[in-house]
Amino acid sequence: MTNSWTDIRNTDLVVIMGGNAAEAHPCGFKWVTEAKATRGAKLVVVDPRFTRSAAVADYYAPIRQGTDIAFLLGVINYCISNDKVQWEYVKAFTNATYVVKEGFTYQDGLFTGYDDEKRDYNRSTWDYEIGPDGFAVVDDTLQNPRCVWNLLKGHVAQYTPELVERITGTPKDKFLKVAAMIAECSSPTKTMTSMYALGWTQHSKGSQNIRSMAMLQLILGNIGVRGGGMNALRGHSNIQGLTDVGLMSNMIPGYLTLPTEREPDLNAYMSTRGFKPLRPNQMSYWQNYRKFFVSFQKAMWGASATAENNWAFENLPKLDVPAYDILRAFELMKQGKMNIYICQGFNPLQAFPNKAKLADALSKLKLLVVIDPLETETARFWENHGVYNPADPAKIQTEVIQLPTTCFAEDEGSLVNSGRWIQWHWPAGSPPGEAKTDVAIMAGLHLRLKELYRKEGGAFPDPILNLTWNYKDPHEPSPVELTKELNGYVIADVLDPNDPTKKVLEAGKQVATFGVLRDDGTTACGNWIYSGSFTEAGNMMARRDNSDPDDTGAYLKWSFAWPANRRILYNRASCDINGKPWDPSRKLLEWDGAKWTGYDVPDIAPTAKPQDVGPFIMNPEGVSRLFARGMMREGPFPVHYEPFESPVANLIAPKVRGNPVARVFKDDFAQFADVASKEFPYAATSYRLTEHFHYWTKNNHVNSVLQPEFFVEISEELAKEKSIQNAGWVRVWSKRGSVTAKAYVTKRIRPLMVDGKPVHIVGIPIHWGFVGAAKKGFPANVLTPFVGDANIETPEFKAFLVNIEPSTGPVA
Amino acid sequence: MFPPIPNPTTAPVAPKMGDADLIRRSASGAPSKVEFKEPVAKLIDVSKCIGCKACQAACLEWNELHEEIGTFNGSYTNPPDLTPASYTLMRFTEWVNPETDNLEWLIRKDGCMHCADPGCLKACPAPGAIVQYSNGIVDFDHAKCIGCGYCVKGCPFNIPRISQVDHKAYKCTLCSDRVAVGQGPACQKACPTQAIVFGTKTQMKEWAEGRIKDLKSRGYKNAGLYDPPGVGGTHVMYVLQHADKPSIYAGLPDNPRISPIVEAWKGVTKYVGLGVMGFAALAGALHYLVNGANKVTPEDEANAEKLTQGGRS
Amino acid sequence: MSAPYDVETGDAVHPGRPVQVDRYTVGARINHWITAISLILLAISGLALFHPSLYFLTGLFGGGQMTRTIHPWIGVVLFFSFAGMFLRFWKANLWKSEDGTWMRRIRDVIAGHEEKLPELGKYNAGQKLVFWGMSLLIMILIGSGLAIWNAYFANWTSIEQQRIALLVHAVAAVAIICVWIVHVYAAIWVKGTIGAMTRGQVTGGWAWRHHRKWFRELVSTSKTGRGSGTRGTPAE
């Protein structure tokens, strides 16, 4: 989230698209009802299904799954055509005025530089024209035909309301109504918030779904303001924390990235991470990358990381592929190239696509370790559960070890919510049986490995042997010790260069902010963005003061929000070019002539002059990007691509199948249904229900009472066509598998007219499996395709093809 | 935001409700006059409800109820009906508004309405098994319940359920145990969107007015408060988007009142019945006193002997 | 009158001083007393749940829960027991011409002027009304009782039907209790009657006075009462 949950109450318009906040985030949804009740805010829901969010919406428009980009580019086109643009904002705070290099073009769904073989682009033309002064060329008059604004205008022009209807199935009048409601928020005193979740991410072009809305929000001037923003609703209580501390295969904490094998040394590594400003005066905050990186290395390897050994750069693995994402991991497993899998707090047999492939992959492992507080299907993948898990234990040689852990309510620590608040929690009960904390288990693994490396040596034992491990109890580092390390501390005194009698930093003290981190080895910091969370003043994450001066929704004294306790990112953009709030009634910051003051921690140097320094300090331009340069694999602008399994061909680029740069493994392509397949004529989507949390709560009696049994949702029209009775049994199958479920024949799903052809939607909740208290059932991933988003490999769970027929119940 | 009820202290708190606060007891004379405490009410704002069932879960957990894990029955309403272990239930209705042709998914939290004039209490034959507190809460005393199910017939909202295990009647208590120590009901505490708020009935009516105004501004011209006068008003009230048609909300009664049959049974029949029976007994006694016994005379015996000896007549 | 009028199985005359007349067999008497006890228990338990002032009567049955549990089961006993009596007695309770006369002279009945009444068969019109009234009311009570027997039949009827059943059950119960009062009172008032249901016999004088037609017929058809005992052969 750029903003926070509590800030949603400041909005005028909530757009829920690519998510179902009321269903999946009911507690956070309270701020939507607050905005509605106290500000008269409106709620718009755009979704293939009439969801629980739609039940309390002011306006609902249906959309075919996987066509959000067409819809959103249609809205951008509407705003541009109807002059519903926050012009001052767009000109000052976006790269609308930047001139793009000659050679960049777009045609028939593809940008310049596409390589069909590699399914990838040469992105060299996707950049600004650089002037003789070394800065990007801009045209403040927006006259240059190659400036971003004009390119964007041209790019979205084809997404007319008529085309949008033909692609998305959203009736034109409904689209126009939504577009008009959104366009109203181009006023500087009206804001819109975008709440989205897996409904946008779980597509082969998920990142571009989100980018489309981000662009729209920039055009409306809604980023950095109260009640605005791009608000990703995170799906697990600490999934934000997971990405923050770099639990992605290609990341290290604080959104720093692992080196690749083309970056064999620190200089090569830093050469692409220098981030020289692209415009005069800009902060380009990533210029501090080296400080964060060196401090991270010091936190990891302490005294053994020195200037001489390039801060132990050698200790970092070098990626030979873009990422060892989970899809790739299972592909490798299936090919027999991965032997041991440690599965911690994760149930991939349910949570990743194509269950049959996953089960096949798991059965090729030598060792599977499952670390979880609950029984999981993954740990039991080898057990035969009839139709629900037709495994043959006799043929599976994988050794499975289950290590029971504590759950969140049984241990102490921190959880990061969607709004980047790191909140401390305390145990409410004791762990059952032999359960140990995850930390104790990891420490145990580490200490044993270290002992083995110490005794037996190895090709490169340094990263393990030299790892800083100075905890009071080496077998179980405490959450306080770990979070203090994440915050960062001073290793050696740093003296004031002007007055050597004064210490700027004192050895042994916690750092107060990432602003003091250094690249000379005098500071250590596990995760620079968490600096300030556990300082000499104490545990900031444990703060529970809910005072909120002037009811801004900031709650600065409640827990700690990264970075720097900032509650709204890019908040300098809440003021105009002169530093005056766009909407005085929703003031966040203000330039008082000498410095920035206000309710939030400014997202800019406190004395940075508003006319000089742009608000988007993480970008070398200082402005936000309507044109993404080479940052996105599909292109600088989003394009409508169909899902890999689509009931219709791509209207605007019939030759393009799916996302042209999404990675698809060979065997998986063969398991996709054809475009407009007769064999699999129905557009399916999978989703969560409020009664359950993923595959956990089916272990809980109460949750199982509230939603006991697997079902699929279909329209009355499809039910009639197929002679399916409400609450009767049906069989649903895709090219990858078949499930049996009860049918829920509902008015909440309607067939959509897509380019003159009715498209029926089949909705499939994900929560059932073969362990737990609830009735045994099939998980949705029996059906889903093994393909992910081109940028971050989130699987395409939201759009695929199935067939359906009435059935008798499952024969277990 | 409606000001949340502060969390309780961990120190012991003297209950604020007890036997001294009863204004009605089933099958009993009126308790000695109590000073009427401020009536409380739970307000359920259907327009704010997202159907998350947190209230249902909170109710199960607070009341330590063990509901069975059922099956899918063709809607999100689970279990499909109130049970002795489910005091509250989200009822989902897919309703197409004939005026706008738009689908509306009406989600109503069903449960005891805590009528000011409780039909269950009126029907109950077991003294003190159903009580009404001066704050309006209607509560069942399971130690006194005999499981006859009369409350089921008395209730205009079809709420109480009789357990087939212990043969006692169960329904929402409005968390009288929590209210007694200054807390709100568990469902209200768990509701994430303040679709359920709790306070004095006056406060709730005022709060509802604000909500109705907001709904009217959004085009729900018939938005209103459901506080049916037929049962003297209720201590659980709804804000409805379509208050002119309560029955579209999964059969919420349009004009609930205690059934006239129940009124007759528990009213005139009870008194007239006793009277008639008493009269019959009395008439007999009187008749005996006035006329004396009807005795067989010696002549009768003689006639009989004569007949038996005399042969055929 | 040559055709048998309403002499029943086991009815017999034993000449002597006084004359003894067998009126009810052992079976009939056991049947009657099971029915009677059931009815009384039902009345008490029913009344306990009918009016709060009588709730204390539940104490006789072990409390409210037990009363609630046991009442319908007693009802079942009553139903079958009464069904037995019905099969025994229905024929003798068919309406006859003299019953109309009797009814018209009800003032004389109440005043005890039996000499002004026609000669009667085994049962007078009052007894027949009690019989048919009981029969009808028990049908109503069992029917309505099943509808409100929550433990087993809660889902067989709608709540609205159950409400009606409750009212009907209450009214019918009041009525049957009134009928019962009449029945018991008549037995007390008419001396010599109770023996019919205890010992099975009445005196000849009793039979002469109250059911002369039956007595005459009995005498004329059964000369060999002594010896045939209560298991007398049927009238021929």
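Every chain is named by a letter (A, B and C) in the order it is written, and numbering of its residues begins at 1.
Throughout what follows, a residue touches a chain if its C-beta (ideal position, glycine included) is under 8 Å from a C-beta of that chain, and two chains touch if they have at least 3 such contacts.
Values in this document were obtained by computation on a predicted structure and should not be read as measured data.
**Student:** Is the chain-to-chain touch network here best called a line, a ring, a star, complete, or other?
**Tutor:** The chain contacts form an open line.
**Student:** Just list the two chains that share the greatest number of C-beta contact pairs.
**Tutor:** By number of C-beta pairs in contact, the leading chain pair is B-C.
**Student:** Taking the mean of the CA coordinates per chain, how far is subunit B from subunit C in Å?
**Tutor:** Each chain reduced to its C-alpha mean, subunit B and subunit C end up 41 Å apart.
**Student:** Need the CA-centroid distance for the pair subunit A / subunit C, whole Å please.
**Tutor:** 85
**Student:** Would you kindly tell me how far, in whole Å, the mean C-alpha position of subunit B lies from that of subunit A?
**Tutor:** 49
**Student:** Can you name the residues of subunit A that touch subunit B in the complex?
**Tutor:** Interface residues on subunit A, with respect to subunit B: 22-23, 26-27, 29-30, 32-34, 36-38, 40, 50, 52-56, 58, 60, 689-691, 701-711, 726-727, 742, 744-748, 773-775.
**Student:** Using the touch definition from the top, list the residues of subunit C that touch subunit B in their complex.
**Tutor:** 13, 15, 17-19, 21, 48-52, 55, 58, 63-65, 67-69, 110-112, 114, 148, 150-151, 154, 159-160, 162-164, 166-167, 170-171, 173-174, 177-178, 181-182, 185, 188-192, 203-209, 215-216, 219-220
**Student:** How about subunit B: which of its residues touch subunit A in the complex?
**Tutor:** 1, 47-54, 56-57, 60-61, 66-76, 78-79, 94, 96, 102-105, 107, 192-195, 210-211, 214, 217-218
**Student:** Which of the residues in subunit B come into contact with subunit C in the complex?
**Tutor:** 27-28, 125-127, 129, 144-150, 152-153, 158, 162, 164, 167, 259, 261-262, 264-265, 269-270, 272-274, 276-277, 280-281, 284, 287-288, 291-305, 307-309, 312-313
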